[in-house]
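Listed below are the structures to be examined.
Shared chain: subunit A. Partners: subunit B in the first complex, subunit C in the second.
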Partner chain A sequence: MKQRESFFHLLKPDHLYAASMFFAVITLLLVSQVYIYLYIKKRRFRIISQINHQINEWIGMIISEKEFPVIDLTKELKLYLKKEKNREFLIDNLIKIRKNLTGSAAQSIVELYKNLQLKDDSIARFKSYAWHKKAKGIYELYMMDQEAELPDIYLYTNSKNEYIRMEAQTAIIGFWGFEGLTFLESLEEPLHEWQQLKLLEQLSTLDIVPLQNLSLWLRSGNEYVKHFALKLTDIYRQLDMHDLVADCLQSANVKIRAQAIKSLGRIADDSTAEILISHYPTETNDNKKKILQQLATIGNNNITSFLEEVLKEDDDFLKLEATRALVAVNNDVKILNKFQADKTMASIARQIQYEQA
Partner chain B sequence: MTKILLIEDDSLILKTLELKIRKEGFEIFCSADGKEGLEKLHLELPDVVITDVMLPFASGLEIVSASKKIKEKDIKVIVCSSMGQEHIVEEAFNLGADDYITKPFSLNELIIRIKKQIKGR
Partner chain C sequence: MSFWQIISNLLTYGVFLYSVTLLLFYIFIGLFSIGETRKYIKKNILTDYRLLASSPHAPTVSILAPAYNEGATIIENVRSLLSLYYSNLEVVIINDGSKDDSLQKLIDAYQLEKIERHVQYIIASKEIKGIYKSSNPVYKKLVVVDKVNGGKADALNVGINIAAHDLIVCIDVDCILEQDAILKLVKPFLEETNEKTIASGGVVRIANSCEIKDGMLVKVHLPKNYWARMQSLEYIRAFILGRMAWARLNGLLLISGAFGAFDKRIAIEAGGYDHNTVGEDMELVVRMRRYMEQKKIPYRVTYVPDPLCWTEAPSSTKILGRQRNRWTRGTIETLKLHKIMFFNPKYRLLGLLSYPYWFFFEMLAPGIEFIGMIAFLLMAIFNIINWHLFLALLLFVITFGYTYSAFAAYMEVTTFNMYRRRTDMMKLLLTGLTEPFIFHPFVVWAAIKGYIDIIRKKNSWGEMTRQGFNQAPKP
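Let's turn to the complex of A and B:
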């Protein structure tokens, strides 16, 4: 009781009043600060969107002209373009529209980029030590057709940084097409699956030219280059590469062997089925499946005995692929009738018959 | 005057196309999203609709379908797609789209296609 008394003795109404006033002022200050901050942010956002809207209108006007007009910058625009961030925004917008338009409009975009001396910004980014800026600089120069910078960009096709390397390779292929693939000869860094897909997509829009150095790439010490070269062999049906592709079956890399099997199927000659059959026992189950799939398309009834041997394997998926191949090479589903006694084989045969129906 | 409805969510592309189409002497209405596009479609009853396939709030396919359901007018629809959206274009044709153009395209090519649609009405 005495303790309680002494506590309330300390808590005088004046103190309470002072404390509540203090917290009220703090709260008021905080709320007003948040309000002012949000107001400034909103105002800035409104001004920026208004300027951006004007900029878009201005760009649109220039691009939609039949011929590139004389650029007369207003005072506001000159002021706007003084800020690096604004110039970067402008470049981003030009790139965005460049991706969507071709013909004279695309030329006007590049012309505008040059006229506003935005190339200097891209060059500055390209020369930056920060990897993300360098990669962006390469991308901007490539998108704005700055071919003069290509020799410098080429040096980065083997950069240690994945993103710089990817942008540089994309730029080189973008300018030189198939001839640009020469960077593969000096590539020591990885060429990841995603980048391979990107490059193949870029190449898919171009007319094929003879891939004179394909044999070099197939023998490359860089396994990524070898893998990519195998894909090129497959997609562009490079029949004269058959023996080099067959050599890739000896690779220690399972992915390279898998692609080699697929590529061999695409460029098959009379010896291919025999090569795949002799390689079959050394392969992983996944690659064995791939061999059987290729045999189904390139084989003939001479390989029936090999396929019947595969049916004795324990793996049901291999049996299924072998059965499919057996039907395909004999071109007759009735060949499965002799396996009806075996329960597993009977069910596989039913599935194949269902697929054939 | 021939009425064109342009639906495209990228403001810069929308502005560029709008200016180009207007310069060619067409009356143009623009929308930056599918919902607004559908509203303008019913309100303005354009002669030709140019729509992107990927739009916010309502897709290009919904625009195609809605345009073809309008009985008062034979509205022609041109679908703008990007590379790799062939399956959507196929679907758009099944819904009645009259033509398509793949990005990147030239402004002149778009104008030719618009004129072709107007001629065919």
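Let's turn to the complex of A and C:
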């Protein structure tokens, strides 16, 4: 009993009441913050509506008048635009509108951005030490065609911060197109698949130009660059890169090998089927499947015996792909008839017959 | 010191130490989640998800949706899934031996015909009776699998065996997904660098009383029903604070079965879903993590805090009790299956922090709370402690709970802000005031019943009747 008393002697009710009071005060503060935040948000909504209304008026003026109109700001709007947050909202909205416009209408939005001296805000963000502000600054400058800032932006294409790096790379490709890919030569940081996808989508809207340094990128020490270069080889069918792509099959990186297999299928020559077949035994099952898919499109009946060997493997997916390839390279669905004795093969054959029908 | 004194001391000091540690964990989780949530918002502000939706270079995704006796809503649910904003998509509906007319309804509505398809049972599962695809190209993304009934885990395993794509998204068929849900869930897989992303979880929110039209969420309302409203607050706390903090640590053990994406290859190599547990969602994540640890492959389990998936929460004590009972059994079963990781340094953070946290503060919490409460009551009655101290301790715990809930509400409002009406927030906070007296004791009791069912080796899911979403309030 004494032990417990000594324990509870340390834990006095007054201490607990004090702590409870502390938590109650914190709770009240948090609840009041919730309501203050909701109030501010509601008030902001009104301001935002007015800014939006003004933007719509400006757009109407710009479209209806031949010359760029004189932009007058109402007293109220001037007051609103003194706040950085409101100016940021204005820039965001101008960017949204610009994305949906082309030609002179889009250029007028850029003029409006400059006219309202919003570039200063974008520059200030770009110069900021906070990564998210810097990234946003780059984005705004790029979306508003501020090409003069490009040399400074280029310096960030190899930034340690992935978000700054991504925006800088996007900006460079946005301005320079395929020529902008030169940043790949000095890139030491990762270029993950999301960014690769973004860049490929950007490039897909442009006319292809000779990719002078593709061979350099395919030999890059940066595996992400190599992976991206393999995708470029595949999409833009860079036939003269065949040997370098085949070298990539020796990479320790499974993603690079997978992309190399796919790219080889697209730029195949007479030696490709043999290269893939000799590489086949060393591959993972996923990549074996990819090899068989490529062989189905580039192979001929000379690879029949190899495909028949694959049918002896345990993996049904490999058997399925090998059977598909057998039908394709022999151009004869009747070849499936000989598989009726084996239950698995008969099931695979039925699937392929269904697909071919 | 007598035996009873030792027991009493152990109980007193034990419960006190436990409570202090739990409290510190909550403070840590709350604070740790702030940075991660803010970072997520900042980093995604410039993301244009439209790129991913239409790009031919986007990863291919198979949605796996098991359905059992969902005939009343299956057509709408499938339509909603088919309208998701993602082009490289396959929607696999697994009819888990429904006794109603779900399959026939799907066949009629989507012009399905039986196809020949070879299935390799890479993961053991019940037999497939037929695979159907639509003859109408409009529904080319849809695959319907008809199988012998085997439960949710078995149906998902069939889905994994059938899935044609590299990423699988496992969902409850009656969930409402946001249009961009797949885009947001898939992005972390594309952002992997030196750590492989093996799974990505999404936030699940309560859809009771929300306005749903054509399988899409039109307007968010706070649930009118007390139990559902209370769960809204509970989900905000769990998803915005808890999971966000664990994701930052790369220590997440649970991705909700209602909505999660997985790397199919890793899921298969880890053995797929275990159909011997009622907590198959948690078990798969733990097993995939354990597999990666054993293989010594760097990996991540990520988490997307955007509200992407809306589900109907139980609105009666009967169904809620069954659900919490099942969750408790699922947690116990999962932790028991992977007990080798308990404080095992070989499993690094997983063994030294995630597993022990779940063991002490998720699995044991209801039991300790229940025993502790009874013990303190008895001690107060027998004057071992005075009532004054007992009440002060109770007040302390309750006010801390309020602070934590208020903090969650603050985080919700300043981040995703789904309940925009001030009256909704007021109702939510006022409902929170009742939690220590009504909701919390109820869920503790349901969990205790889960313990009892585990001891009695009861292994059923318990029927989860839903009321459906057609109860939108008048505007």
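Methods note: the second predicted complex is superposed on the first by the 289 of 357 C-alpha atoms of A that agree within 3 Å, B and C clash if a C-alpha of one lies under 4 Å from a C-alpha of the other, contacts with A are read in each partner's own complex, and residues count from 1 in each chain.
One rule holds in what follows: a contact is a pair of C-beta atoms (placed from the backbone, for glycine too) under 8 Å apart; a residue touches a chain by one contact, two chains touch by 3 or more.
These figures come from a predicted structure and were not determined experimentally.
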Exercise. Go through the superposed model and pick first if A:281 touches only subunit B, second if only subunit C, both, or neither.
Key: neither
Exercise. Give one of first, second, both or neither to describe whether A:354 is in contact with subunit B, with subunit C, with both, or with none.
Key: second
Self-check item: Of subunit B and subunit C, the chain that contacts the larger number of subunit A residues
Solution: C
Exercise. Please work out whether A:101 is in contact with subunit B alone, subunit C alone, both, or neither, and reply first, second, both or neither.
Key: first
Practice problem: Could you pull out which residues of subunit A sit against subunit B in one structure and against subunit C in the other? | Solution: none
Quiz item: Taking the complex as given, what residues does subunit C use to touch subunit A?
Solution: 1, 5, 8-9, 12-13, 16, 42-43, 45-46, 48, 51-52, 55, 57-58, 115-118, 120, 187, 190-194, 265, 384-385, 388-389, 391-393, 395-396, 398-400, 402-403, 406-407, 409-410, 413-414, 417, 420, 422, 425, 429
Quiz item: Which residues, counting only subunit A, touch subunit B once they are in their complex?
Solution: 53, 56-57, 59-61, 63-64, 93, 96-106
Quiz item: So in the complex, which bits of subunit A are touching subunit C?
Solution: 1, 3-4, 7-8, 11-14, 16-17, 19-21, 23-24, 26-27, 30-31, 33-35, 37-38, 41, 132, 135-136, 139, 163, 167, 190, 192-194, 196-198, 200-201, 224, 231, 286, 315-317, 320, 344, 347-348, 350-351, 353-354
Quiz item: In their shared complex, at which residues does subunit B touch subunit A?
Solution: 10-13, 15-20, 23, 103-109
